[in-house]
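Quick heads-up: structures coming right below.
Shared between the two complexes below is chain A, which has chain B as its partner in the first and chain C in the second.
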Partner chain A sequence: MGFVSGALVPVNAFIGALFLLSTILLMAFRQVEGYMRYFIWQSVLLVLSTADLAVIRGSPNLFIVAVITLAAKVIMIPLLLRRVLHDELRTRREVELVINTQASLLVALLLSVMAYILVIPVLPFAPSGAAVNLPVGLDVLLIGMYTLAIRREAVPQMLALMAIDNGVFYAGVSITDSPAIIELAAGLEGVMVVVVVTILARTIAQHIGSTAVGHMATLKEGESR
Partner chain B sequence: MPAAILLNVLQVALVLGLSPLLRGVLNRLVERLQSKRGPVIWQPYRDLFKLWHKTSVEHEGASFIRRFAPYAYFIAPLIVTMLIPVLTAFPLFWAFMGDMVAAGFILGFGGFFLALAAIDAGDVYGAMGASRTRMVSSLAEPIFVIVFFAVSLTANSTIPYVVTAHWISSAGAFFAPSHLLLLAAFLMLLLAETGRIPVDNPSGHFELAMIDEARSLDFAGRPLALVKWGGYMKFMVLGVVLTNVLVAPWGLLTTVGPVPIVLAVAVLALKLLVLVGLVAAIEGSLAKLRLYRIQEFLGAAFVTAVLALLVQPFHQ
Partner chain C sequence: MILVALPVTALVAAAVAALRPWTNLPRMATAVAGVLEFLITLDVAIRVGQGATLQVPAAGIGVDGLAAVLLLLQGFVGMTASLYSWGYIRQLTEANRDRERWYHVNLNLFLASLFVVPLLLVPALAWVAVELTTVLSIFLVALENHHAALEAAWKYAVITIMGATAAALGIFLLLWGLSMRAPAAPQTWSAIIAAGPHMPAPLVRLAFVLIVIGFGTKVGFVPLHTWLPDAHSQAPTPVCALLSGVEVSTALYMILRLWPVFTTSPGFPAATWAIVIGLVSVGTAAFLLVQVHDYKRLFAFSTVEHMGILLAALGFGPLGAYAAIYQLLTHGLTKSLAFYTSGGVLIRTGTRDISEIRGLMQFAPWEGWSLLLAGLAIAGAPPFAVFLSEFSVVRSAYAVHDYWAIGLLLGFLLIAFLGILWQLTKMLFGTPHSDRRARSPRSLPLTVVLSAVPVVLLGVYLPAPLHHLFQMAAMNLRR
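Showing the complex of A and B:
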């Protein structure tokens, strides 16, 4: 390993810490605008980490993956969300959470401990220079799933889904040097999911006046709005 | 030996002399960010001078604690100054007398007496402020302990001088994820402990919403000057711990001489200026949290600190 890539390994670990932190902030925030901000941060960090690994390994494929991630997650998805959803939806504060933030933070902590313990057996086989990606990726996946479970609004739920996707990618780029076409498909798929969910959320908002999907478990028959 | 004595005196004098200036710069910057002109940066000195020459009135029936507390609050940061590397990279006399946990407890000692004194005055607002500072401190305590657990796990020591030397021992040590996470946790701790936004509004004048300031409501004259000065020094000392011990140990003295000393002071000023800019930016972009949401803020800091502890063994 050369000098440059030698210095890039700790940088990758550093990015990993920021990635984890942005996910926890994504979970702890209450405003849709805040989720969006931390999702963008998280995606930028994913791009940086991928580019870093690309330099370490000298792999052009990973560079293409980084560019695709940049285009899809940092630029297109936030742009789409801002365009399609009106301000009222974006700036709203989620008052009602299924589980309050303090308890959620502790759950996130437990999930992190769990992720690290689960990863211990495979760490010896982890690729050199990217050992940080496995536990952090798994952790982000778990916290993302938890976030998805405790949100009651459509847009934050979708951002949590995208965060899960980021976590999987983050762990994925460290293990495989996958062909760029697969990543292209995955990136586009993310954008498609966002398009579908935003249109759905907009329609729901138009019909019901809210995107609080947590309240849609009961039928309201014959009620006119 | 004489050089070491001189340096020790210089460190203490620097914290004594420059801490009001640091607060003045911070106040000015915060006001500037809000498109106001703001007070001149020398204003804290003028305040201290004015208060120093006023007579002090004391409550009837107040106990000796009222007289003792301002001194305790004033002295605590000065003792901590002797434990931490303000200017020098090599340890001075007191360096091995206490570690960073001791520094935290000494600062806590000052805060404890000030809270007692605020209750001793028998005033409602003072007592309320005192109990709130205790709430914030009790929530901050576990974060403090975990941060230093993480530090000792990383650097194998909590003596500030040893920790400082550890971060620059290799690129891997400096860019370790746990380093970053514990920095974030410590910054949040610093904001909470020195009563800055988002935990407390230092420029607020509404007694019901006060946390940190309420403790000094019943002091006047010289004791008030001591309490204020102690607060300035506490901020500066925590800032030095953050910048010199935890973030950027560069620019500390390795050889003794007039030129290196001036250079070291300049570098320290620059680092503190960056910190003050960061704090001002946070104050400009966040609002004060409701009292019951402070737990969420400190909860986030706690999780960050525990993560620092957790990720440490995996990335060596």
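Showing the complex of A and C:
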């Protein structure tokens, strides 16, 4: 490992800290516009970490992944969302939360500890960089799931879904740099999922008047309709 | 190259359906492609059963016993769903030709994505294909475009995509384990299975959690099943049949493929976990069956129950693996039949509410009888196919002396059986509230009869070639 690569390992750790921070802000923030901003931050950090690992490993595959992520998550998806959901972002600023921010932060802390405990037994086998990426990626996966559960609106739920995706890739790029085809396909997949889900969210908005999916409670057991 | 022909047929049908020369073309394309696809899958299954190696490793595609069983199920239910759509969707879309055409395009694309999953030898690509099946079926679920259908589609999309994403991390972990052992090996199912016993045990354990939770969300294991009854009841009937009969089995196929990795990892009690998760699903679904108010949800919960039985069977040794494959096929065939008959009742009565339907046998004897027989078949009564497969599950549990599991399983099966029949008898007998006489399209009873054929045949005997194919598939679940 050369001098440059040696210096890049702590850089990756720093990026990891910011990546986790952006996820927690995404969870705690109360404005749709803010979610969007922190999602873009998070995606930029994912790109940086991937590029950093690409240099450390000398892996061209990871560079391709970084470029794909940049194009899809940092540029295309935010543009698409802004375009299709322009009014949505403007008008629906305050978002109703199921659990207040303080309690959520506590949950995020517990999830972080849990993610670390789950990953500890695997770490002895991990390549350089993965010691940060693996626990942080799993943590972002868990916090993303929690965020998805407490959100009550379509756009925030969609962004939480993609934050989970970012977490998985953040962990993934640190442990595999083999055929880029996986990441390639998955990157394309991400874009498509968003396209479809966006259109669906739009349809819901047109039909019900708002995208507050939390108020959808028609389908359940125990009462006859 | 017969393997490639399968998704290509569906894609061509989608393309033809997208044209608009005359109004019957879309549904004709779907029907013809459905029959062709079934014939192809039948041919593939027969050839695999005779020991032909249908593998093209260079192209990353191939079919073995396990994949052939899934393909056969997909082919048959795909065909019946295509034929059922003929009249049903015309009636549902109320002669809105554009929506009908759009449905046929989407249905064929969905079928193409389903066929691709068992063909792929590379897990990462198979994962992408499973994601595609979700994406392409969202609009099918939301076809009716009213509040409840959209709600169901949204839940379905968000929850299952979240699950699949978690499973992706599990696949990443296993690929990492593979690269530790054999850095240059092709990243196929078989390479991962071969490297399985040499991977670090904590890594396999973490991957197991992520993969079972991830794909389990799409299969509908309790407590990740919450979206399933909604999506599987709100979708139009042929789509319900495909989702409940084939789509969940396709998601489960991903877990089955990786099963040998988990069982061969030293010190990891994968079998015990399968039994526990399976029985929790069977038990919860059995009790939930009793209190539903919607007969399509009744069958949806029955899917959760059957997936639980299937997973539990994986824990019962080599005989259990055979029983699981058996159950996979019989459940898919029978569940699609059950949904087809319930679609007939829906057209006839115009309601999904059990309490609003009385005396079906009197004012609609055909719909009543077919619903009763399909209900008996899915509940596991002899002489239908599910009875034999459930019997083989119980026998495999007996072979490994797991008496606790047998006791619980039989208890839950009994509750589910009584639950289904109790709900159905409420609808079938008594004095009719109304005698609405909506005519159902003629293609409907024909499809019901066609899809009942294997359910009855497999209930009396299991043809030797099929038995042989099951054995080959069961071998794929072991090392």
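Structural remarks
The working rule: the second predicted complex is superposed on the first by the 211 of 225 C-alpha atoms of A that agree within 3 Å, B and C clash if a C-alpha of one lies under 4 Å from a C-alpha of the other, contacts with A are read in each partner's own complex, and residues count from 1 in each chain.
The rule is short, and it goes like this: a residue touches a chain if its C-beta (ideal position, glycine included) is under 8 Å from a C-beta of that chain, and two chains touch if they have at least 3 such contacts.
Because the structure is predicted, anything quoted here is derived from the model rather than measured.
Aligning the shared chain A places chain B and chain C next to each other free of steric conflict.
Once chain A of one complex is fitted onto chain A of the other, the partner contacts of A:Ala66 are absent, as it touches neither chain B nor chain C.
Contacts of A:Phe125 after superposition on the shared chain: chain C is touched, whereas chain B is not. Rounded to the nearest 10, the angle at the Cα centre of chain A between the centres of chain B and chain C is 150 degrees. In the superposed model, A:Ala54 lies in contact with neither chain B nor chain C.
Of the two partner chains placed by the overlay, only chain B lies in contact with A:Leu25; chain C stays clear of it.
Ranked by how many residues of chain A each touches, chain B and chain C are led by C.
In the superposition on chain A, contact of A:Ala171 is made with chain C only, not with chain B.
Within the superposed three-chain model, A:Leu138 lies in touch with chain C and out of touch with chain B [touch as defined at top].
Once the two complexes are laid over each other on the shared chain, residue contacts for A:Gln157 go to chain C alone; chain B is not touched. Taking every C-alpha atom of chain B against every C-alpha atom of chain C, the smallest gap after superposition is 18 Å.
Per the touch definition, chain A reaches chain B in the complex via residues 6-7, 9-11, 13-14, 16-18, 20-21, 24-25, 28, 101-102, 105-106, 108-109, 112-113, 116, 123, 131-132, 135.
Interface of chain A with chain C (complex): residues 118-119, 121-122, 124-125, 137-138, 141, 145, 148, 154, 157-158, 161, 164-165, 168, 171-172, 175-176, 178-179, 181-182, 185-186, 189, 192-193, 196-197, 200-201, 203-204, 207-208, 213, 216, 218-219, 221-225. Note for the complex: chain C touches chain A at residues 122, 124-125, 127-128, 131-132, 135, 138-139, 142, 145-148, 150-155, 157-158, 161-162, 165-166, 168-169, 172-173, 175-176, 179-180, 187, 200, 202-203, 205-206, 209, 229-230, 233-234, 288, 291-293, 297, 353, 355. Remark: chain B residues 171-172, 174-178, 180-181, 184, 295-296, 299-300, 302-304, 306-307, 310-311, 314-315 touch chain A in the complex.
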